[in-house]
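Following this line, the structures themselves.
Next, two complexes with chain A in common: one pairs it with chain B, the other with chain C.
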Partner chain A sequence: MDYIYTILILIGLFVILASSFDLVIGHCGLISIAHPIFYALGAYVSAMLAKEGGVPIPLAMLAGGAAAFLASVLVALPSLRVSGDYLLIASIGFQLGLIEFAKHIHSIGGAGGLTNIPSFLVNSYGRLSYVILVLAVAVLTVLFVRWLTSGPYGRMMAAMRDDELAFSMLGRNAIWVKVSVFAIGSGIAGVAGGLYAHYFRFLEPDQFGLLQSSAILTMVVVGGMRTTWGPVIGAVVLQILPQAITFLGLPPSILGPLQGLMFSGLVLVFMFARPQGLLAAPDIWAGRSTRERADG
Partner chain B sequence: MADVLTVSALNKRFGGIVVADNIDLSLIKGRVLGLIGPNGAGKTSLFNLVCGVVRPDSGSIMLDGQEINGLPIRARARMGLARTWQNLRLFASLSVLDNLMLGPQVYSADTFTDLIFRPGHVAAAERAARDKAFAILERTGLADIAHQPIRDITFGQQKLVGVARALMNDARCLLLDEPMAGVEGQAYALIQKAVRDIAASGVAICVVEHNVAFIRDLCDEGVFMFAGKVLARGSVEALIADPQLTELYFGT
Partner chain C sequence: MLNATVISQILWTSLATSSYFVLFAVAFALVLKVNKVFNFAQAGMMTCAFYSAYVAVRVLEFSGPVGFVAAIAGGAAMAFILERFGFSVLRHRRASPMFVFIFTLIASQFITYAMTMIFGTWPTTIFASMFWPVSIIANVAVSAWDLPALGATILVLVVLWAFLRFTRYGQFMIAVADNADLAELYGIRKDRVLMVSMLVAGIICGIGMFLYGTRAQVQPAAATELMLFAVAATILGGIGNLWGAALAAVVLGLVQNSSILFIPSAWQGFLLYAFLFFAIVLFPSGFHLPERSKRLKRTVVAPVVVSDAKEG
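On to the complex of A and B.
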């Protein structure tokens, strides 16, 4: 049963990550794959605050989200002022640089990893309580992204993706929209990091590298960008598939590479066969107000 | 006569190409000025300089007595400068109504925190923008297609949407870049009437247009541009009648 709970928690965490990442790259159209570094920042900040600072864990998790939020503003603001393309370079640099940096900081565990992170809920209320907590945050994240993108802010993001110059000429601030959305998406990833840290109780810098970037990107692309349920389906499928093939009884020497191949294979298959993902986003933005009119 | 927009000694060159050569120009409240000149005369470049899409090498651009040269595009828009584009630049993934909804000087969700902490304020701003959008859509004959995606309407209607979107700004100064190119019939009459009404409400308007009949019917005055220079200003009739200008225009 513990195995199932752990899988459910991983699914919940990746729903949070994929959904918030879709907000950044899908809805806002920003080019970045550094989502895991903000997940890492949330995880490490929350873990250290709880472990060394004795901060209550829920507060530590929120502080982790806040740290990721702030760090993402510092990365995004200078690069987006220059041009959208610089965000990709600046954020990957930040991601890989910070991972290398973390490996050399003894007080956070260095390359060997941070151990003995205080646990939350599980000891007093059992694993199921943690499953419920993570899934609740996942549902809230999906609902929040849906709410944000189907309201006036979603209309702004759609217009900005279409034509940034015309958008500016109407008086709208494209840089501010981009920085805000990047920070919100990263802040959500930071909270997910805290949720990860206090369940698994072990963090190592290398787990937040490009491999995880590609996993989250695959979830969004396979599920369907700019849809409410696409990132959810992507996260569920790409968490369950690698687990499922472990039941095939293959020798570990084949199993490991096979799981790795599956991600890149899926991306390739989808690029050719169904580039819009399992769920296709409508090409016309329809906000809440539009739907209300259609219903009435 | 009150100058709304005053451009003085404006210069811009791209390498060896001079797009603005010491341009002096003023737009007057309630009047329509036509910019006439052959392709490459610097008409659209002048619009781009005024809007901040391109930064001038030197010179001054004043909107209602305030220097706007150096301000970002969005700041100029929020001071009451609006324009349309030669290639329309409509938001293709939005409906006609949603294109207009983004046009007010202050948008409902410009301040992110308002979404969370002042939802009533945002909802009121959305309602006000929708009412205003529908009033403009009625005036421009677009109300019936308010919910249509941009790609499903005719080119003439798209041109009108471009003008209608610019009107959401309550601009003091409106720049129209070739509003009539490719437009015929009913849309032609509607655009003409819309521009007259806007001018009558006290807006200073500048029109770049190759359709001479439209310029003559609509504009109070014309300016002839050639090679980044303003060569003459006067009544449209007089400009068209000038044999020297006609020669420059047709390049005979």
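On to the complex of A and C.
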């Protein structure tokens, strides 16, 4: 039963990550794959505050989210002032740089990882209580993203994403919209990091590298970008699918690359065969609108 | 202790090791300039080039020159596959730049995982030994690898310059880089030019990975880090400026190698990402050479002044 609870917790965490990532990459059109580093920041900050500072865990989790929020502003603000493309490269530099940095800081466990992170709820109320907490946060995240993207703020994001020049000509501040969406998405990932840290109680810098980026991107692309339920379906399918491979009894040296091959291969297949994902948002990947193309 | 000999040694080693960094940076900058793609799949081309040479030399036990040709063939073959079945298809679908970029990233990851499945994660080299005989020249240790590597890099740069300057396809590449639509109106076959650009980048990556693989250990994920170095150099050199990227790669190599004097060696890897981040934040348009711009302005302005004088 513990195994199933753990899978449910992972599904919940990846629903949070995929939905918040879809807000950034899908709804706002910001090119970044560094979502896992904000997940890591939330996890490490929450773990260190609870372990070393004695901060109550719910507060530490929120502080983790706030740290991710602030860090994302620091990354996004200078790079977005230049061009959207630069956000991607700056964020990759930030992601891999911070992982490399964390590997050399012994006070947070270094490359060997941070252990003995205080647990939350599990010891007092059992694992089911933590499953309920994570799934509740996941549902809240999905509803929040849906609310945000379907209201006036969502229309503003869509307008900016579809025609940034026209958006700016109307006196709107595109940089502010981009930075705020990036920060909101990253902040949510930070809270997910806190939830991860206090259940699994072990953090290692390499967990939050490009493999994790590929996994979250796969969930969004396969599920359907810029849709409410696409990232949810992607997260559920792509959390359950690798579990099937683990039952094959393959050695870890094969299992890791095989999962990576599966994730990246699935994205490639979907990119060419069904670019809109399992759930389709209209004309998601086109460089020009359908009408423009019809006009030639 | 810091003295002239130590400084000379660090400068020489940095210059020698920057040879492959220069090649990776030029390959990345070329595709960005002509194809207008941040080609992160270059890491896949590099990985493929290395393992082609590895299979030729270590598995099939062919000689070094055969391994060299295999590296070039591997890099070029992967470049062909990426362009023919990836970029070309996406271009015709008018995919957004974000989509194309994600494709490069995922393709690179896919190749890395495929190579990990085949060759494992254990680091390896093209030759059984990566130790080269060393000669002492003016108190500086110069390995037998250094001079051929530097020579090969300079030769590649000269050939590339001559190719872009004097050959038909080189000129087509410059035309497409400047204005692809206008180039097509003049009858230049854009798809073919973009394929040539990718193949040239693949060949350069092949040469670079052969040099790297004969000096350092490589595992499937290593190319990603090398490629990020090329990205930082391309940005610092100024996007669209191949020779600026090459120069920036030399400077970055020098800074990274000489950093051992100031910081523990364990932190050298971290420097790369710091470069990448600060290159974007502080020098998003790269470095510019003001004198060259002035000279260019004079050559453009001069005929106008003469014609005005004649009219007067």
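For this structure, a couple of remarks:
Throughout what follows, the second predicted complex is superposed on the first by the 270 of 296 C-alpha atoms of A that agree within 3 Å, B and C clash if a C-alpha of one lies under 4 Å from a C-alpha of the other, contacts with A are read in each partner's own complex, and residues count from 1 in each chain.
Going forward, a contact is a pair of C-beta atoms (placed from the backbone, for glycine too) under 8 Å apart; a residue touches a chain by one contact, two chains touch by 3 or more.
What you are looking at is a predicted structure, and each value in this text was computed from that prediction instead of being measured.
Contacts of A:Val237 after superposition on the shared chain: neither chain B nor chain C is touched. Touched residues of chain A were counted for both chain B and chain C, and C has more of them.
Using the contact criterion defined above for the overlaid structures, shared-chain residue A:Met271 touches chain C, although it does not reach chain B. In the superposed model, A:Pro152 makes contact with chain B only, not with chain C. Look at A:Ser214: by the touch rule set out above, it reaches chain C but stays clear of chain B.
In the superposition on chain A, A:His104 makes contact with chain C only, not with chain B. By the touch criterion defined above, A:Val139 lies against neither chain B nor chain C after alignment on the C-alpha atoms of chain A. Of the two partner chains placed around the shared chain by superposition, neither chain B nor chain C is touched by A:Leu255. Counting contacts as defined above, chain A residues 285, 287, 293 meet chain B in one complex and chain C in the other. By the touch criterion given at the top, residues 148, 151-153, 155-156, 158-159, 161-163, 165-174, 180, 283-285, 287, 289-290, 293 of chain A touch chain B in their complex.
Across the complex, chain C meets chain A through its residues 38, 89, 93-99, 101-103, 105-107, 109-110, 112-114, 116-117, 120-121, 224, 228, 231-232, 235, 266-267, 269-270, 272-277, 280-281, 284-285.
Partner chain A is touched in their complex by these residues of chain B: 51, 53, 72-74, 77-78, 82-83, 85, 89-95, 98-99, 101-110, 112, 115, 122, 126, 130, 147, 149, 165, 168-169.
By the touch criterion stated above, chain A contacts chain C in their complex at residues 25, 29, 31, 33, 78-79, 82-83, 85-86, 88-90, 92-94, 96-98, 100-101, 104, 210-211, 214, 217, 221, 253-254, 256-258, 260-261, 263-265, 267-268, 271-272, 275, 285-288, 293.
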